[in-house]
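First the structure, then my questions, so here it is.
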Amino acid sequence: MSEVEFDTAGVVKNFMYVNRKAPYGTIYALEVLEAVLISAAFEQNAAIVFVDDGVYQIKKDQDTTAINMKNFSPTYGIIEMEKEDAEEDEDMDMVWRIIVEKESMEARGLTPDDFKVEVEVLSSDELAKVMAEQEVVISG
Amino acid sequence: MSEVEFDTAGVVKNFMYVNRKAPYGTIYALEVLEAVLISAAFEQNAAIVFVDDGVYQIKKDQDTTAINMKNFSPTYGIIEMEKEDAEEDEDMDMVWRIIVEKESMEARGLTPDDFKVEVEVLSSDELAKVMAEQEVVISG
Amino acid sequence: MIHTVNKSPFERNSLDSCIRLSEKGSPILLLEDGVYAATSGTNVSDKVSDAAKDHPMYVMGPDLEARGIASDKIMDGITVVDYGGFVDLVVEHGAVNSWL
Amino acid sequence: MIHTVNKSPFERNSLDSCIRLSEKGSPILLLEDGVYAATSGTNVSDKVSDAAKDHPMYVMGPDLEARGIASDKIMDGITVVDYGGFVDLVVEHGAVNSWL
Amino acid sequence: MKFGIQVNEGPFTHQASDSAYHFVKAAIEKGHEVMRVFFYYDGVNNANKLSAPQADDRNLVKLWGELASEHNVDLVVCIAAALRRGIVEENLADGFRISGLGQLTEVGIAADRLVVFGD
Amino acid sequence: MKFGIQVNEGPFTHQASDSAYHFVKAAIEKGHEVMRVFFYYDGVNNANKLSAPQADDRNLVKLWGELASEHNVDLVVCIAAALRRGIVEENLADGFRISGLGQLTEVGIAADRLVVFGD
């Protein structure tokens, strides 16, 4: 099949990536990250949201040596850098947010100190408002 | 690779098939049935247990026309027949039981009349005792 | 925004999360194993009928039929749709949030 | 009989069903995403420590490490094992009931 | 209206691919355009041409391919997800093509709606 | 002691196959015999020889095959589950064989323990 291409020039949309699953037990956490990183090349807005067991994805100190799976948690650091680069670059309108739901975090006995990246902690009600503003939702 | 064969002559074990998943949303219900049917050829005891959403597998009146998936619910009738054949055949020691957990059934607003096969309804405590006696547990 | 839930409310937390994180007034569509949430007389019925006060609720008819759930078992206030109805809801309500 | 649970207690009902349907005294091993149940200070900790009164409880160390859970976060009375320890438990306790 | 579709699971094990297929068919019947179906995660297994279901069951690999040729739907299999799972040109079914993850972002931007089907 | 193993999920998407592999390795190291690993449901995807993970990730298809040849473990792929999912002789990895579901019952009878890994 030949390549199909759509004209996306100049269009910026609000993409949301909803992470609700724990890492390693399933691959969703890893592969959704790859999708987030690609969207940077298209300069799209991104709300990277961690709710339910998704909050475990950004837990510090992951060490997969004994299960012999790839430790992909350093990628969250790359996402944090992309976010900071976008903030500092005056020529770039793209806005990225990294959001954790407070209720999910607290139900699991976690605090922002447990996370390897800096996050916005929002209540369910606040997060519901942010979610409602999104235009493209990728559920991983 | 060449066929490997184990000597199983004369050995009868208690096999249990634990069905905890709803039909159609996932394939587990269908494929575990195929495993149950095969065990008849080996004349093994079988406890076919429906707990949690597994109780939905034997719901009457399934009609998959509009989702275009295979309706495999008639297979439960075949299992019921295998069970009855084994009971009537004096030369066969194999015992099959079809068990539903009462608590799972009631939580879903179902009664034995909703099921397309005749089942033993056991309480959690009774079922826990039956489970503890099993020698081979296939989780589907 | 429209929300979809395709998981059984007895097995997973997807419906709970959807209800917690969806704005009042936004519709929720139950499909696949999610359709069990629409049945009356279960131990999640109260939770679902509460949610139905804040959200227009829809359920996929083809998935109900496959699972042998008769229409008189569906709770009041939940509308049965087919795949075409699903498409119409998405056209009408904008972005789709799938609670997988 | 030994029971294994590989699902998060926050996401699914597997641990609840395992606890409800396992005989007092039979061991329960938490592995994969099931290991989160072993951590203290969560909203399922009380349920798990109640279960630990009736069941010897074990948790897979390699799965804890992968998920960044330090050993001081594991509740008292839950024993950490590795894959070899898993094998030993199965040898000792007979049939394995995997609550998938 | 223009739709993009993401399919996260393979045929058979989860209903996601069936639901996506019926949604796409219904959208086309209603006169909408389905610009692209993007197969991600285990969804790449929808493109395995060696899949041979029982005679009395549906064959999703074939159904997707037919839909693509009849209605000009672009079926894209994510290359990274596909390599892991052993889907390559050699066993790729008719109607599918393998490409990068950028194709998902692209259809997210270009379509009026992106609908995700998964587990 | 003699073990039988059932694997219900493919590599990558769920951890089940990884856990099964580590269990089998540990059992062999402790001097036990693993008579057979039976791949059922999506587990048949463990036998797809076209699987090509990233260089820094584990390759379960290869790891299973090596285990089989080094320790004489019988790796059986269920034929019915495999046909649906497009695993046939053509793309079957070294060390695996395709056979019937009776092989699961058989190892359940012959082994001292059957351990199931899945989702």
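Which chain is which? They are A, B, C, D, E and F, in the order written, and residues in each are numbered from 1.
Throughout what follows, a contact is a pair of C-beta atoms (placed from the backbone, for glycine too) under 8 Å apart; a residue touches a chain by one contact, two chains touch by 3 or more.
Quick caveat, the model's predicted, so the values are computed rather than measured.
Colleague: In contact with chain C and with chain F at once: which chains are those? Just list them.
Modeller: A chain counts here if it touches both chain C and chain F, which gives A, B, D, E.
Colleague: If you check the contacts of chain A and chain B, which chains show up for both?
Modeller: Per touch definition, common to chain A and chain B: C, D, E, F.
Colleague: Farthest chain from chain F, comparing Cα centres?
Modeller: C
Colleague: With respect to inter-chain C-beta contacts, which pair, C-E or B-E, contains the greater number?
Modeller: Counting C-beta pairs in contact for C-E and B-E gives the edge to C-E.
Colleague: How would you label the chain E and chain F contact, same or different, if same means the shared numbers make up over half of all numbers there?
Modeller: same
Colleague: Centroid of chain A to centroid of chain F, CA atoms only: how many Å?
Modeller: Chain A and chain F have C-alpha centres separated by 34 Å.
Colleague: Centre to centre, by mean C-alpha position, how many angstrom separate chain B and chain C?
Modeller: Centres of chain B and chain C (C-alpha means) sit 29 Å apart.
Colleague: What is the distance, in whole Å, between the centres of chain D and chain E, each centre taken as the mean of its C-alpha atoms?
Modeller: Comparing mean C-alpha positions, chain E is 38 Å from chain D.
Colleague: Could you give the separation in Å between the centres of chain B and chain F, each centre being the mean of its C-alpha atoms?
Modeller: 24
Colleague: Among the residues of chain D, which are close enough to touch at least two other chains?
Modeller: Touching at least two other chains: 6, 10-11, 13, 32-33, 62, 82, 94-96, 98, 100.
Colleague: Could you list which residues of chain A touch at least two other chains?
Modeller: 20, 24-27, 52, 67, 69, 136-137, 139
Colleague: Which residues does chain E have that touch at least 2 chains other than itself?
Modeller: Only 8, 12-13, 15, 22, 41, 54, 57, 114, 116, 118-119 qualify.
Colleague: Of all possible chain pairs, which ones touch?
Modeller: A-C, A-D, A-E, A-F, B-C, B-D, B-E, B-F, C-D, C-E, D-F, E-F
Colleague: Under the definition above, what is the set of chain C residues touching chain E in their complex?
Modeller: Spelled out, the residues of chain C in touch with chain E are 6, 31-33, 62, 82-84, 86-88, 90-91, 94-96, 98, 100.
Colleague: Would you mind writing out the residues of chain F in touch with chain E in their complex?
Modeller: By the definition above, chain F touches chain E via 10-13, 41-42, 45, 48-54, 57, 61, 83-88, 90-91.
Colleague: Could you please specify the touching residues of chain A with respect to chain D in the complex?
Modeller: 20-26, 52-53, 56, 59-67, 69, 71, 73, 107-109
Colleague: What residues on chain C touch chain B, complex-wise?
Modeller: For this pair, the touching residues of chain C are 6-8, 10-11, 32-33, 36, 39-43, 45, 61-63, 65-70, 82.
Colleague: Mind listing the chain C positions that touch chain A in their complex?
Modeller: My answer: residues 1, 13-14, 17, 20-23, 26, 94-100.
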